[in-house]
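By letter and in written order, the chains are A, B and C; residue numbering begins at 1 in each of them.
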Amino acid sequence: MSTILELRQVYKRFGRTEIINGVDLAVGRNERHAVIGPNGAGKSTLFNLISGRFPITSGQILLDGQDISNTTPNAINRRGLSRSFQITNIFPKLSVFENVRCALLWSMGYRYSFWHRVGSLGQVQAHAQDIVERIGLARRRDRMAGVLSYAEQRALEIGVTIAGGAEVILLDEPTAGMSHSETAEAVDLIRSVSQGKTLIMVEHDMGVVFGLADRISVLVYGKVLATGTPAEIRANPAVQEAYLGAMAE
Amino acid sequence: MEFFAISMLNGLSYGLLLFLLSSGLTLIFSMMGVLNFAHASFYMLGAYFAYQLTGYLGFWPALVIAPLAVGVLGALTERWGLRTVHKYGHVAELLFTFGLFYLIEEVVHLIWGRAPVDYRVPAVLDFSAFTIFSTSYPAYRVFMMAVSVGMLLSLYLLLTRTRIGLIIQASLSHPHMVEALGHNVPRVFMLVFGGGCALAGLAGVIGGNAFVTEPGMAAAVGTIVFVVVVFGGMGSLAGAFIASLFFGAVQTFSVALDYSLLNLLDVFGVSVERTSGWYDVLSLSIAQMAPVLPYLLMVLMLVVRPTGLMGTRET
Amino acid sequence: MRDLTAKVEVPSLETASLPRTRFALGRQLALWSVVAAVLLVLPLLFEQSFALSMLSQMGIAVIFALSYNMLLGQTGMLSFGHAVYFGLGSFVCAHVLNAIGAGALGLPVTLLPLVGGLAGLGFGIVFGYVTTKRSGTPFAMISLGIAEMVAASALMFPAFFGGEGGIVTDRVVGDPVLGVSFGPQIEVYYLIAGWCLLCMIAMYALTQTPLGRMANAVRDNPERVRFIGYDPTRVRYRMFCLASFFAGIAGGLATINYEIVTAETLGLMASGNVLFMAFVGGIGHFFGPVIGAVLVSYLQSALSTYTQAWLLYFGLFFVIMILFAPGGIASLFAVHAAPLRHGLLSRLIPGYLLCGAMLAVMLLGFIALVEMLYHFEQGAALGREFNLFGFHVDVTLLKPWLVAGAVFAVGLAAFLFTLPVVKRAWAAVHVELQARDA
C-alpha cells in the first residue's frame, strides 16, 4: 500500500503552548483512517495544519510525495486534498445546487472565467446534479442552504467537500450533534463518497469509527500514541489507559 | 528652529485632538465590530452644541454639558438604530452610520445654516501663554492639550482600575463569555458607544473654536480620523495613538514645507526642463501635496503591512 | 463553547426567498427584447426636452448603479469610492474627445464610452490591487481613502482635471456619420440607451459565469472559498476591475451627455450617491439598482427644484430604509410575489391602505415642520412667509407650528395604532402560504 499523506515530526505552537507535539503519521492510498483522542488532544488543529488553515511551526507534510507544509489552503485543495468543517461552513445564501456547483468549478478547469455560462456547461451541471443526488438533497436542490435542517446542512457540507473530486478527504466530526438515525444515514453517505478515495476523519462516535475505519490513530496531548487496525487499537493497553481513562472522566 | 518648535506644538495639540476622536472610534470598533462612519458628525455636534450653550450659559458649563449631551445622543443612536440593524450584519451597520453622517450634516444645515458660526475661544483663555524665540504661543492651545491629556488619562484609569472598565476590556475579547457571566453586554455596548461619542463631542467643544465650526467640519476631520485608524491598525488603541500624533505632525508640517522633488533632484545635480512632461509632477511642493499626503501614506502603509501599523485583525 | 447543533444562521440583507437563477435562454431573450423596446419607445412618450435629458441621465445612472452592485450586492464589498472610476473614465474621455475634435485622433464618438471603460479598468487594476487586499470594513475605509486621495489630487493637476472649472468638451466632432452628429439630445439618448442595454446584458451575463457565481460565494463565506480551490482576494480583485470597467463606460457616456467634467464627478458625494441608488433599489436582486437609479435620478431633479431640504429627506429615507427594509425596493416587490401567485394579495391591501393613509398624514405634518424650520432659520434668504400645500404660512406666528406639530403627532400615533392591522394580515397570509406549501 503506497502512502498518500505523510506527516513528519509536525509541531504547532500557539504562543508558548504546544498543541501538536511532533506528530508522525502515514496514511495509505484508498485507506479510511480515523483520528481519535480526548478533547483538546489537537485533532482539529491537526486538520487545520494539513489543510493549510494554520501554518505549521516545524516539520513537514507531504501529499503524494510533494511538500505542502505552509502553502495556502487553495493551493493544497488544488492538489487534491479537501476538507469539511466541524462547525457547518457552507454558503448560506446560495442554493444547495449552487453550493455544490461552486465547489467543483475549479477542479473542472473554469477557474476565474467570465466567458463561460455555467448553466450551459453540461458536464458541470450533470456532475453537480449527481452529487446533490448522492448526498440525498435532490428534493432540496433549489432551496437556500441557510434554511436547511441541521442534518441536511451537514450532508451539504460533505457534498461541498467531495464535489471537487479530491483524492484525499478530511472530515471533521461529520456526525457531531446528530441523532441515531441521522448518524446511520451519515455513515452510509460517508461510506459511499469515500469509495476509491482516501478518507481521514476526526470522530467522537466510537460506533462510527470502528464501523468505518481501516486504521485508527490515537492522538493524545498532540502526539500519536498508537496507530493500527481497529482490533489492534482495541487491544492496545496504552490506548485503553490513556484514552479510555481520559474519556471516563 | 522656531518654526520647528511651533509646528511641533501645534502638531501635538492637533494629534491629541485626533486621538480623542480615534480612541473612541477604536473602542467602539473593537468592541462592537462597527466602524462608526458618523463619528466625526458627533464631533461636529459637540462644537455646535457648545456654540449654542456658550451663548446661554458661557463656555465652562458648555465644556461639560455639550459632550454629555452628545454622549446621550450617541447612546440613543446605539439603542434605537444600531441595535435594530445589527441582525443584518456589519455592512448594514456601516451603511446605517453612513446614512447618519449625511443626515446629521443636513440637520445642522437646517438648524444652524450653511455658513460657519461664530464660536470663539473664551476671553479668559485668549492670551499668549509663552513666547518661543519671537513667536507667542496661544494659551488656548495649551488648554486644549491639557484637556485632551486629562481626559485620556481618566479614560485609561477607567479602563484599567474600575469594574466597568474591566468588563469593557473583557467584552473586547470575549463578549459571549462576559454575557454568560451575567453582565448585560447590550448595555455595555450602549455605554461604550455613548462614551465614544461623548469623547468625540468633547473634541468638538475644544476643537470647534480653535479651528472653525461649519457643516463641512465632520467630513474634513472624519476622513483623517479614518486614515488614522486604518494606518494605526483597526482595533488597536496603541496604533491609534501613534498614528494620531504622527498625522497631527504630518498635517501641520506639510502645509508649511515648500520643497519639491525638483529640489531633491537639484541636490543630486539633476535639473529638469520646464517643458518636460514630468515638470508638473516634480515641481509639486510638499505644501501643495498636503491634502493628499495622509491618503498616500495610508496606501503605502497598506502595501507594506495590510493590517496597519499595529493591527492584528483581518476584517 | 459554541453550540454544535446550531444551524448556520442566514445573515441576510434580503428575504429567505431565492431569486430564480435559472432563466431559460429563451426567456432571457424575451426579457431583453422588452427592455430594448421600452428604451426605444420612452422618448416618444415624453417629448419635452426636460424629459429627454432626464432619461439620458437615468440611462447613465443605471449602468453606474449596476456596476456598483457588482461590488456590494454580488461580492459583498462596500465601496465608498466607486465614483473614482466613473470620474476618471469621464476625464479621459473628455481629453480623447477634445483630441478627436482637434483632429489628432480618429475615433467614432459612438465608441468613446469604450475608451472610458478601458480607463476605468486601468485605474481599477492599479487602485484595486491595494483596495482588495482587505475585505469587510477595512476595504470600505481604504476605498474611502483612495477616493479622497484622487479627489484631493484633482486640484493638484489642473492640466488633467481642469481645476475648478473642469474640462469642457464638444461632442459634435467631424462630419455626421449616417446622418448622426450627436448634436441633438435625442441622438445622445439613443447612444446612451444602446450602451445601457449592452452593459445591462453584459453585467447580467457576468452573474451567470464561474467568476460571477464565485463572487457570490466570496460574499457569503470567503473562508470556505479558500478550501474549494479559490483565492477570495483574486475573486474580489477581478470583480473590482470589471466593476471599474463598467463605471468607466458610464463615465464616458456622461462626458458625451454633459460635455463638461468637473472634479465633483469623482468626489465622495458622487460615490455616496451611487451607493444610495443601489441600496434603495435593492442590492440583493440584479434589477434592484435599476429601480434605484431611475427613482433616485428622478427624485433628485424633481425634489431639488421644490425644496432646499431634499438632501435631508433623502438622508432620512435612506436611514429608514436600512432600519426597516434593508433589501430595498426590489425586496418589497419580492415579498409580495408569493401572496400574488396564490391570490392572497387582496387580504393585505385593506391594511396597506389604512396604514398608508395614516403615514401620509404623518409625512404631511413632518414635511410642514421641516419646511417651516428652513424658512424660519433662513428667513433672510427664503422669506418668512411662504406657500405650503396651498396654505399661506407665516413662520413667525405660533399657530402654523402648532397645526403642523399636531398633524404630525396625530399621524404618527394613528400610524403606530394601525400598524398591527398590517402585521395581522401578514401573519394570516403566512399561515395560509405554509398550509398550501405543505
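The working rule: a contact is a pair of C-beta atoms (placed from the backbone, for glycine too) under 8 Å apart; a residue touches a chain by one contact, two chains touch by 3 or more.
Being a predicted model, the structure only gives us computed values, none of them experimental.
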Inset, instruction - Using the touch definition from the top, list the chains contacting both chain A and chain C. - result: none
Inset, instruction - Compute the centre of every chain as the mean of its C-alpha atoms, then state which one is farthest from the centre of chain B. - result: A
Inset, instruction - Let me have the rounded angstrom distance from the C-alpha centre of chain A over to the C-alpha centre of chain C, please. - result: 43
Inset, instruction - Return the distance between the CA-based centres of chain B and chain C, expressed in whole Å. - result: 30
Inset, instruction - Using mean C-alpha positions as chain centres, tell me how far chain A is from chain B in Å, no decimals. - result: 48
Inset, instruction - Two or more other chains in contact with one residue: find those residues in chain C. - result: 11-12
Legend entry - In the complex, chain B residues that touch chain C: 29, 33, 35, 81, 84-85, 87-92, 94-96, 98-100, 102-103, 105-107, 109-113, 219, 223, 226-227, 229-230, 234, 280-281, 284, 288-289, 291-292, 295-296, 298-299, 302-303, 306, 314-315
Inset, instruction - Report the residues of chain C in contact with chain B in the complex, numbered from low to high. - result: 11-13, 72, 76, 78, 80, 130, 133-138, 140-142, 144-146, 148-149, 152-153, 155-157, 159, 268, 272, 275, 279, 309, 311-312, 314-316, 318-319, 322-323, 326, 370, 373-374, 377-378
Inset, instruction - Please give the residue numbers of chain C that touch chain A in the complex, ascending. - result: 2, 4-12, 14, 16-18, 21-22, 205-206, 208-214, 216-217, 219-221, 223-224, 226-231, 234-235, 238, 242
Legend entry - Interfacial residue positions of chain A with respect to chain C in the complex: 51, 72-74, 77-78, 82-83, 85-95, 98, 101-103, 105-107, 110-119, 142-150, 153, 160, 163-164, 173, 176-177
